[in-house]
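Look at the two complexes coming up: subunit A is in both, with subunit B in one and subunit C in the other.
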Partner chain A sequence: MNALWRVRGLRDLLVVIVLVFGVGSIAMLLAHVSPIDGFSALFDGAFGTWEEIAETLVQTTNLLFPALGIAVAFRAGMFNIGAEGQLILGGFAAGWLGAQVPAPAWIAIPMVLIAGALAGGVWGAIPGFLRARFGANEVIATLMLNVIAVLLATYLVTGPLIQAGGGAQETALLPKAAQLGDLVPDSRLTWAFPLALVLAFALRWVLQRTVFGYELRAAGEAPEAAKRAGIDLGRTALVAMAISGALAGLGGATIVTGVLHRFNVGLSPGYGFIGIAVALVGNLDPLWICVAALGFGILQSGGIAMQAEAEVPKQVVSLVTGLVIIALAGRRVVASRRTT
Partner chain B sequence: MNGWIGALLALAALTLIKATPLIYAALGGVLSERSGVVNIGLEGILIAGAFTAVIVSGATGSPVLGALAGVVAGALLAALLAYAATRLAVDQIVAGTGLNIAALAAAAFGLVLVYHQPGASHEVPALGQTGEDALIVLALVAAVGLHLALTRTPWGLRVRACGEDPSAAESAGIDALRTRFLAVVIGGAIAALGGVFLSLGELDLYSDGMTAGRGFIALAAVIFGRWTPLGATGAAIFFGFFAALQFSLQRAGVPSEVMQALPYVAALVALAGFAGRVRAPASDGVPYIRP
Partner chain C sequence: MRRRFGAVQAVDGVDLELLPGEIHALVGENGAGKSTLAAIAYGAVRPDEGTIEANGVVGLVHQHFKLIDRLRVWENVLLNREPRKGWTIDVPAARERVRSLGTRYGLDVDPDVLVETLPVGVKQRVELLRELDREPTVLLLDEPTAALAPSEIASFFTTIQDLAARGTAIMVVTHKLAEVIAYSQRVTVMRHGRVVARHQTAETTAAEIAREMVGGEVPPLAEREMRAPQPLLDARGLTAHSGTSVLHEATFTVGAGEIVGIAGVEGNGQSALADALAGIIPFGGTLLFAGTALRGDDSPAARIKAGVRVIPQDRLREALVLDWSVRDNAALGRQRTLPLARFDAAAREIIERFDVRPPNPGAIVGALSGGNQQKIVVGRALLGAPRLLVAYQPTRGIDIGAAALVQSRLIEARNAGVGVLLISFELDEIFACADRVLVISDGRFVGTFAHDEIDRGRIGALMAGHA
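The block that comes next holds the complex of A and B.
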């Protein structure tokens, strides 16, 4: 089984490469740009200078948190497509609390990160609970909760929880103590990047080496057998969704404290959706997801340079991302969704 | 007295205008899901319909040709999803999510290619008041038509059989994959009319994000309407009513976000079974793989 997956993984990788360069080239030709110029602008924009490399890693980090969360849920057979909403609410909780409560750095930073993880976790737990208690389809529930999250954050940040010093749909600037330290001077790359990597390793260990991880995977891969073996499917659904949401929410918090230094309703260009592609390309394995996140991080940061330098609209990147998701929708892991 | 009647009539008219794109998209969703394919890609199909209609109307000068092209584009996009969902038996949710992302990006890219500007197209010949009214009436006719087709015709019975138990349907001699494929494609064509209505009926241009999540509200309407054409249409009109009320209620102090969230919260409530017995078709979203 494992060997088969590895072969499939290779085939998928080939599909992704063909899509990125094939569709990318066609799109560039349509825009009257030579693919060589377009792709060199893209890669130059992603790697050309130290600052650009740092920015690529920032995008990698921003994708890594939701992608890891999505992988946990998918492995448990729960279709969390609500990472975007979980990330946004996590970001809001972090930004609001951080600006509201002054504290020294050693309290402020953990407080902000935990607030983000909690808010995302609660938002993820809601569809988990609805699934466990009422059998409500989590796909539709997370889809609806995505939109509700954006509206809720907009309402709170412009209404009851408005802060002085924030622009439209923004919280106030975080005090220095609540801002995550730079890893590379003069860049937006912070300690969030190593934190995401550590989490990926920890997650892999939990999934592969602990009883909890085993139960989670069993619930996803063979729900009937898992149920007969005494695994509480409702509980695993709830816990997997809560962890999944917490990871996405933590990602939102790191964007707020590390990158933007305040919450803005538009803080995510769809990290929660691109994260689905990252998780699928990464074969739902936390370590491969790190590699996949780097790949999509390159596309994200290089896409902006490609638009500026070679005048290829950066939507090409989203187009390719969408097609990659469609192409990889046939994954066996994902197909074994549980019906109870 | 007259003022009140006038205001009520205006509200009713605005309700229908707001509901029409939702009705088309929801009907497409109902047909698709009753055959057993969850169409998360409704939003993408609305985008494809709205965008293609504007491009073709702009190029040919004929809004009718534009509308037809929009319908064809919606059907083609649905065919892509249908092929993946039936022949390749991929996960419909993941494929639909990808479809939405790709369609939004393709339209934004297309705008830059055709009009050399991001964000919005130029103004193009639109369907006008008559066309807009005709599309509103057609939406209601389509709702009744789909209801009759699903409940009173052999084709409707076959579609529903494939949504409940495709292997039983196959043993009764129905080609489940073909039936599902056609249902999704026809559903896509119907849903695309919602996009056409938005870009050439209500307005005369395409702009990025103009569908504004209506495909997801339509999914909510499908559930709230218990997977029936008339129920989904009722739900779409209900949601349209609140969209129409939004401006007046906003003036009365109700935050617009609360109003906008209503369809989604209603769908959650319906999903959790608080709104009475709600059951999706038994094989909704489950790929059928021939033994």
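The block that comes next holds the complex of A and C.
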């Protein structure tokens, strides 16, 4: 069933591209802007200078972590749409712990990253457990946990775990030792980017080359056959969701330690949701997801420039992203009707 | 008529003529192009070349029912043709229309029953009624008796003969040659997309048709060697339920080196029996396997480890990952013990022993024919030294050649000392393979027959619930 989510060949990629440019153009025309001006502002904003290229890669990185997590869950047949909440709580755990516990860099950075992955992993494991134990629908559970995550983080950061030196809904600034080093001077691009790429390759290896990956894919593709082959579906769902949440949480942690240097409740403009589109356009394959993340990273970073220079509302980018998700999900509905 | 799917010429220059009032059998091995031809005739598939002329409406009853389980009988029968009253459906009229349709064709079904609650034989009637409501002059039936009991098959064909007598042209796509001989007037035999023979049924025999289908002699089954079975599985008061399938206090044994056949009509507890042995569902009672008691809450993994292998009934859903290669499917169930590097060797061994076509471990399983898919499922179950093999409908929907091969491999496994529990709805299969036959009816074992005491009439009566 899960194959129906995947992009099949060039035709689907073409649909995505036509959607992005076609619908984007229409939206720009409605905003009384020439699409040529709009898109050239977008690409100029994404690639115009070294700093802008670096910023595009920052956006790519921020999308890549949750998208990889989403792909793991989807491959296991779990429709995790809670990456946003997992990312936010991961970011909170990283930011709070990093500011709370001073330590040398070689301890502080792994600590912050692991804290983020753990928090996100626990948040992802909750719907996994509910599905394994009670058969609860993970779509609804993850969706609701997104809301809870935002409120929980807001409550903690303004209430019991408030830190001196933080602004409204923020933790204190991380000490230098807990901040990820820049990869390109004067940019926000850090070692998180190569880390995400390495993780993508590692994830592909795990999925394709290990017994665990084999069982996870079997559970996602054909649960009844997997069950009869001795694969514990509940355990697979739980572990896949925990890994999925951990990757999103790690993403939140890298935003905190690499980009913002503190946790802020508004740290994500929806990376966990855009990540769904990235994962689907990337065919749920970690390597193609890297390519898809770059594509959406361009839209994200270019979108800001487009708004500033061509006066096209940034929401055009959200609109296009949303349509890509609807197109791919809609195709799944059509395909599943045809096969039954 | 010609039609190509990818590299496969599914239908290759076929001419076929159906006459009003005749029952025309279309036979051939799996993948011979029968179903494609039927789909072309119905209009569901467009031919690459060729034309169809039909005098009136063409109806098609699918092998796998296309009913909506959550709707009532009348809702299914009249779907998209509901009698209307203004903006609403005229329910009393709809009910009456279905009831009178049933009376007219001798297919009585309560129009208000939910389809999901109906037994298979009745679902078939609903499927047939739906096509009959369109008053077809040509009716195509794709493997119509695949899920019916012997008595249901007879009454089904009575209805079909009745329809033919009213002037409907009927084409039955089937692989059951006994039915071809008993009920059809003409036979068309297809092989590899072409028509290889046409007969008046009265002038031919089942053996001749079988030879033409296979393109040679039908391979004989493997010999059953004489051997004294050693105790292997001992079930006492085995009770289980899996969905609607219920098994009551079944007591039986399966010896190592013995094939025990479970004869029964679908839906009489077979699924509960298979699932309980597979470790999918918990069971009550005791189950001794090679001297040790199996636990009711074991996982399937524990059963696999103990040496129990199951060939599930539904290969597409329960046995295979259709988007995967033969290689990856060959390892399913043994992924914990078989190193990744050995997947390919396992696949090649199955391909070799079972003559899987194409002989390519990288082929995607979903693209293979049903017979070749089933060979992979059976081959996989027999690899890695099984001790007990539960074969649930192991030749369901596959052609004669493939079925004979599968049955021979089961007998060979028995000869090698594997205990085989053969659960089948096809009596001929059980009679051909089993050392002992147990009859199951309504979830209980109601009779036991040794191989040389098999009494077809008596077993049929027991299956139908007549003690």
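Please note the rule applied: the second predicted complex is superposed on the first by the 322 of 340 C-alpha atoms of A that agree within 3 Å, B and C clash if a C-alpha of one lies under 4 Å from a C-alpha of the other, contacts with A are read in each partner's own complex, and residues count from 1 in each chain.
What we mean here is this: a residue touches a chain if its C-beta (ideal position, glycine included) is under 8 Å from a C-beta of that chain, and two chains touch if they have at least 3 such contacts.
The structure presented is a predicted model; accordingly, all values stated were derived computationally and were not measured.
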| item | value |
| --- | --- |
| Three-chain arrangement built on subunit A, subunit B and subunit C clash or fit | clash |
| Contacts of A:43 with subunit B and subunit C, given as first, second, both or neither | neither |
| Subunit B versus subunit C as contact partner of A:227, first or second or both or neither | second |
| Subunit B versus subunit C as contact partner of A:315, first or second or both or neither | first |
| Partner chain(s) touched by A:137 [first = subunit B, second = subunit C, both, neither] | first |
| First (subunit B), second (subunit C), both or neither touched by A:325 | first |
| Residue contacts with subunit A in the superposition, subunit B compared against subunit C | B |
| Partner chain(s) touched by A:145 [first = subunit B, second = subunit C, both, neither] | first |
| First, second, both or neither for A:30, with subunit B first and subunit C second | first |
| Segment of subunit C that clashes with subunit B, given the candidates 75-83, 363-371 or 381-389 | 75-83 |
| Those residues of subunit A which subunit B touches in one complex and subunit C touches in the other | none |
| Interface residues, subunit A side, partner subunit C - complex | 3, 209, 211, 214-215, 217-218, 221-222, 224-232 |
| Of subunit A, residues touching subunit B in the complex | 27, 30-31, 79, 81, 130, 133-137, 139-141, 143-145, 147-148, 151-152, 154-155, 159, 270, 273, 276-277, 280, 313, 315-319, 321-331, 334-335, 337, 339 |
| Residues on subunit B engaged by subunit A in the complex (per definition of touch) | 38, 40, 80, 84, 88-95, 97-106, 108-109, 112-113, 118, 213, 216, 219-220, 223, 255, 257-258, 260-261, 264-265, 267-268, 271-273, 280, 285-287 |
| Residue numbers on subunit C that touch subunit A, as the complex places them | 278, 280, 299-301, 303-305, 310, 312, 314, 317-324, 328, 331-333, 335-336, 340 |
